[in-house]
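Have a look at these structures, which come just after this line.
Each of the next two complexes has subunit A plus one other chain: subunit B in the first, subunit C in the second.
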Partner chain A sequence: MLKENMKTSDFLLSVRDLKVVYTSAGATVHAVNGVSFDIRRGESLGLVGETGAGKTTIAKAILGILPDPPAKILNGEIILEDGDLRNLPEKEMRKVRGKKISMIFQDPMTALNPLLTVGDQIAEVVLLHESVSKKEAMNKAMEMLEMVGIPADRYADFPHQFSGGMKQRVVIAIALACNPQLLLADEPTTALDVTIQAQVMDMISALQKKLNTSMLLITHDLGVVAESCDNVAVIYAGEIVEYASKENLFLDPAHPYTLGLFGSLPSLTGDVDRLTPIPGLPPDPENLPDGCSFHPRCRYAAEECKHGSVPFKEVSPDHFVHCHMCHCEKEV
Partner chain B sequence: MNLQKESKTLSSQTANRQSMTAIMLRRLKKNKTAMGGLFILTFMMVIAIFGPLIAPYSYTETDLFHTFGLPSLLHPFGTDELGRDIMSRLIIGSRASMKIGFLSMAGASVVGIMLGSICGYFGGKVDAVIMRFMDVFQALPPLILAIAICAALGPGLNNCILAIIISNIPGFVRITRASVLNIRRMEYLEAATAINCSTTRIIVKHILPNALSPLIVQITMGVANAIISASAMSFIGLGVQPPNPEWGAMLSAGRSYIRNYPHMVTFSGIMIMLTVLSLNMLGDGLRDALDPKLKS
Partner chain C sequence: MANTLIEAKNLKQYFNTPRGKLHAVDDMSFSIEKGTTMGVVGESGCGKSTLGRTMIHLLESTGGQILFNGEDITKVNKKQLIKLREEMQIIFQDPFSSLNPRMTVSETVTEPLLLSKRFSKKEAEERADEIMNTVGLSARLWNSYPHELDGGRRQRIGVARAIALTPSFVVCDEPVSALDVSIQAQILNLMQDLQEKNDLTYLFITHDLSVVRHISQNICVMYLGQMVESSPSKELFQRPLHPYTKALLSAIPSTDVRHKKERILLKGELVSPVNPKPGCRFAARCNYACDRCHEPQKLEKVSPGHFVSCCRVNEIN
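So, the complex of A and B:
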C-alpha cells in the first residue's frame, strides 16, 4: 500500500498490512490495525506513539514472540530480505531470532537473569547462534563488553552489581553480539534517567552506524527520535497516522495528532505560557471508533471523518498522512 | 602480539570462572551455621555407613534382666523394653531413617519440580489436568494416602519410601508452579526467547535456578517430615519391619513408657532433631551462598 513503486528488495524489512488482536475472556483488543512500513539497510525508523498504541506488539510480532494465546496475527506480511517471516517454520525462525533480528528490552532491571553473570548472558547468545567453542564465545562476550564501554574484567559480575545504565549497555551488548541486520529497540531509554538516556542513545546510534545495522526504534519521546532516526512513523491506536522522514515530520507535521504531540512539548526557544495537550484519552482498543480512530479527539474532525475508511495521502514526496483533512495533491 | 593478548584474556577469563565456584564455596565456608550443619550431617552419614562396625552391641540382642535400663557406662543411651542397647539400635537405625529421608525427598522433589515447572511454564490445559490430579492427591490426608499405597504394595522399607514420595509430590508441584508463574512474567525470559533459547533451556537455565530458594527450604523440611511419616507407618506395621530398628519406630515404641523411662524417646528424638537441624542449617547457608545478590 505504501511506496508500492519501489521494489521490496531495496528494503531489509517490509511490514505490510499487519493486524494483531488480543483475545481475552471473549473481548477482542485490536492492538495493531493494518500497519505497513519499510526499513532500508542501515536505516533507522522511529515508531512514535502513546502507551498502548501497539508499538511493542509490532516489534514482538516481527520477532515472532507474541504470546499466542492471547495474541494472534490476523493478517499481514513481515518480509525480511524477500522472505515472509510469518511463513517460516519455527525451526527456521529460530535462526532469525537473536541472529538476524535482535531486540533491546525496555527495562534493563528485569531483562537480565539475576543468577547468571553478565558475561555468560552475552556468551549464551553467541553460543546459540554461532558454531564456536565456549572460549571463543567468552572472548566475543568480552569484546562486546568493551564495545559498550564496560571493562572486560567485569565479565564475571552479576547484574545487581551494575547500575541501570550499565545494565542497559549489557542488554545492548547481548542484542548486538551476533551482528544482527535488524535491531528492535523497544523504548531502550525509558527506564533510565535523562543524562544516562543521552549516553545510551548516543551509543546505540554510534554502534548502529558502525555495524551498519538497521533499527526500529520504539519510543514515546520525540526528542529521542530527532536525535537518532532517519524516518519516523507516528502510530495511533494501532495505525500509522503519519510516516515521513525526520526532517519532514519535524518541520512540516501534517496529521492533527502529530501536531497535537508537538503542541504538548515545551519549547526551549519560544515563550509559551501553557502547553496545548490533546484533549481526551486514546480510544479503547476493544471498541475503536468508526471511521478515523482519532476523530473524537480531533479539532478538525468533520462529518466524513466519522465513517468509512480514511485515505492515505502523500502530502509531499515520501511524506504520508492518514487523514481526510490534510489538503494535498494526490492520494495514494 | 594479537595471539598473546588473546591468551592473556583467556587466562584471566579462566581465573574468573574458577573464582565463581570459589566464591560460592568461600561464602559457604564463612557461614558458620552452614558449616556446623554440614559437620553434623557428615557425622550422621559416617555413622550410618559404618554402623555395623561402630555399634557396640547387636541390635537384636535382648537382655531380659536389664530391661528399661537407664543410661550407664555399659549402655550409654540405656536399654529398651526388651533390654536391647538403644545406642546400637540408633546407630543401625540411622541407615533406614537416612535412606527414607533422603531418597523420598530426592524422588518427590525431582518429580514434583518437573511437573511443577511444566504446569507453571505451559499453563493452559496441561496445567489444569496435572493440577487436578494433584488436587485428588491432596484431598486425602498424606498419611492415609501413604498407608493406602503401602497396604496395596505390601509393607517394607522400599514401598514405604515410594508411598512417601507419592504423598509428597503435590507439595513440590504447587511450590514450583507458584515460583515459576512468578518468574514467567520477568522480562529476562522474554529476552531469552528473543535470543532463541529452546524451551528446555529456558526452564532449566533461566527459570529453575531462580525458583530454587523456596524449594531448598521445602526439601530440608521434607526430610524431617518423611522420617516422621515413616515412623507412623512403622508404628502400624507397614514400614520397617521389626526387629529392624528405625528412629521413628523407636520413638513411637518408647512413647508408651514416656512417664517412667523418658530416655527411650529422648535419644531417638534427639537423633531426628539433629538430622533435621543440620539439614536446615546447611540448606539456609546453601540458599544464601547461591544467591549472588547477598554480598559475602
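So, the complex of A and C:
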C-alpha cells in the first residue's frame, strides 16, 4: 500500500482511488468505491471476495475494457510504470493490451475462438505486437505451446479437440506470448477440476518466476491465494477491507469480514459441528449502507460504524484494515 | 447391516452412444446407513451425478440392484415408483435452472404436496408455510419468483421442495457448488439441522473435498465410473490408500502458509469411458501402474469400513 514517503515508481502498477459505477434505466450500481493498491515487478497480488464484490470490474478497468455505457469510471488513476493509462487514447491502449498487460478470463470454454487453430490464436497476438514475420510468429507460438505443456504438433488443432484444462493452458500461452509485465488472471481455475487446477496454478507460478511477470489474481478460493500470491487484498462491496502479505492474512486476519470468511470454510484438518457463516447477505450495490458497508452483518458493529467514513488502520507493518473496531497501531 | 437404508449392488449405468457403450457407472457396490451422509467425490465426468440419479430412479439402471429398505427397486412399476418418489428426493446443483421460473416459491413448495393427493389445498399451504420457516425462507417471499431472489434463497427453495413430503433419502447433487462461501456455510448448516431433526439419509455428491469431509460420515471416491476407494471420512484424509485418492488430496490448495505442500502431479489425460478396456481406468496416469492393473480389480477390505480397489494397495502403503 502506498504510504506518504513512497514514490509510485517503486511499483509496476499503482491504482489510486478507483471508482466505477454501472448505470441503466435510472439505477446506479456502485461497483467499485475507492480502491487503491500497488503491485511491484514480479509480485503477485490476490484479490479475494465473493460474487458482486467488484473484482472483475477492477481488472477490466485496468485493461480499459469496461463497456461504456453502462460502466463509467468516475474517478481514479491507473498508473503503469509512470504513465496513467486513463490518459491514453484507444490506439495507444491497444498496444498495451496483450503486450504490457494481458488477461486470462474465467471461462476457458468461451475465451477461445472456435474457428481458429490454437496455434494461430497464439501467433495472432505475436503478430499484432511484435515486428516479426509470420513464420517467426508461428515458431513463437509453438514455443509457447511447449512452455505450457502442450506438444507443439498440436498447433493445427481446434479448441474443441482439447479438454478444459488444456484450453486454459492455451489461454495462458496467448496471455504470456508477448511477455507482458502484468498478468490479470480472473478466476483462472474455477472452471477446472482440482487436479488440473493444481497443474495450471503451478505452471502459472513457474512462468511468472521465469519471466518476472507481476500478477493480479482474482479468486474466491483462499487456498489458491495462499499458494500463489505474495500479498492479498480482501474486497467487500467494492472496497478493500483488508490488505496484507499472505502470511499476515492467514496467520493474523483482522477485519471482521475476513474472519467471517475463514469461519465459513469447512476445514480439511480440524472438526467443527457446525460452520459459522456470516449472517445476512451482501449489500445491494444500488443501495449501500451508510458508514461501513459491512456493519449490518458485523458482530462488532458500534454506533460510529453506521455513519461517516471508515479509517484505514495499519495493524502491523504493511497490514492494513478498513475498520473502526480493529485494534491498531496507528491510523494511516 | 441392520440399519442400512439403501444399498447398491454391482450397479451399472451404461449409455449407448454413436461411438459405442459409455460406461458411466460400472459395477459399484456400497451401502448407506439410515441418518448418515455418504459423500461421493470425483472429478468432472467420473459419473457421480449419474450415480445419484440412478439411485433415485431418474435414470433406469442397466444392471445390478438397488435395495431400498431391503427391497429391490430397480424393476418397479409406475404405481410403485410414484409411491417411492415420496421417499427419495433430490436437490440439484444449479438453483436457477432447477426451479420453474414461472412458479412462485409457494407454488414450487406446494406442488409435490398436491401431486401426492394426500393434502387439500389448504393443508398443502399450511404445510408449505411450515417448511419455508424450517428452511429459513421468510413468509414475505410466498409470492416471489426465483429471478427475484439470490442463489442462497433459491437453493433453500430447492431444499424445501425436496423435504416437503418428508423423504427418508435425499440425493444432494453438488448443492452448494454454485454458492458463495458464506452462503454455502448457511446451506450446509441447514442441511445438517434437517438431517438431525428428520433422521434424513444423504448421498452428497461434490468435487469439493473440504465440504465433503465436513458433512459426510463415509466417502466414496470415483474415477471414470469405478469406485476406487470407500472409507469413513476422517480416515480417508488421514490415510488415503488408492493412488488416485492420494493425488486428489494432494491437489487441494492449502491455506497453511507456513508449510509448502508436496504435490503428486498426474501425468497424461483421462482415458475414454466409451468401450473401456478391462482393468483399472486410472492405470494410464498412475505412477504405480503394472501389468496386473489391466485385469479387473477387486474391491478389498483393508480395515473396518475402508475398501480399496487396487492390486498394489499393500505394496504402495
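What we mean here is this: the second predicted complex is superposed on the first by the 330 of 332 C-alpha atoms of A that agree within 3 Å, B and C clash if a C-alpha of one lies under 4 Å from a C-alpha of the other, contacts with A are read in each partner's own complex, and residues count from 1 in each chain.
Note that a contact is a pair of C-beta atoms (placed from the backbone, for glycine too) under 8 Å apart; a residue touches a chain by one contact, two chains touch by 3 or more.
This is a predicted model, so every value here is computed, not measured.
Chemist: Is the arrangement of subunit B and subunit C around the shared subunit A a clash or a fit after superposition?
Modeler: fit
Chemist: Taking the superposition as given, does A:Leu207 touch the first partner, subunit B, the second, subunit C, both, or neither?
Modeler: Neither partner.
Chemist: Answer with first, second, both or neither: which of subunit B and subunit C does A:Ile39 touch in the superposed model?
Modeler: Neither partner.
Chemist: Does the superposition put A:Ile278 against subunit B (first), subunit C (second), both, or neither?
Modeler: second
Chemist: Name the contact category of A:Ala254: first (subunit B only), second (subunit C only), both, or neither.
Modeler: Neither: A:Ala254 stays clear of subunit B and subunit C.
Chemist: Measure off the angle at the C-alpha centre of subunit A toward the C-alpha centres of subunit B and subunit C in the combined model, and quote it in steps of 10°.
Modeler: Approximately 80 degrees at the subunit A centre.
Chemist: Go through the superposed model and pick first if A:Glu227 touches only subunit B, second if only subunit C, both, or neither.
Modeler: second
Chemist: Does the superposition put A:Ser102 against subunit B (first), subunit C (second), both, or neither?
Modeler: The answer is first: A:Ser102 touches subunit B but not subunit C.
Chemist: Which value in Å is the smallest Cα separation between subunit B and subunit C when the structures are fitted on chain A?
Modeler: When the complexes share the chain A frame, the smallest subunit B-subunit C C-alpha distance is 12 Å.
Chemist: In their complex, what parts of subunit A are in touch with subunit C?
Modeler: 50-51, 163-164, 193-195, 197-199, 201-202, 220-224, 226-227, 246-247, 250-251, 260-261, 263-268, 271-272, 274-278, 281-282
Chemist: Of all residues in subunit A, which touch subunit B in the complex?
Modeler: 63, 65, 94-95, 97-99, 102-103, 105-107, 110-117, 124-125, 128-129, 135, 138-139, 142, 152-153, 155-156, 158, 160, 171, 174
Chemist: Which part of subunit C faces subunit A closely enough to touch in the complex?
Modeler: Residue positions touching the partner: 43-44, 150-152, 180-186, 188-189, 192, 207, 209-211, 213-215, 234, 237, 247-248, 250-258, 261, 263, 265-266, 269-270.
Chemist: Taking the touch rule as given, give the residues of subunit B at its contact with subunit A in the complex, in rising order.
Modeler: Those in contact with subunit A are residues 6, 9-10, 12-13, 16-17, 19-20, 186-188, 190-197, 205-206, 209-210, 290-293.
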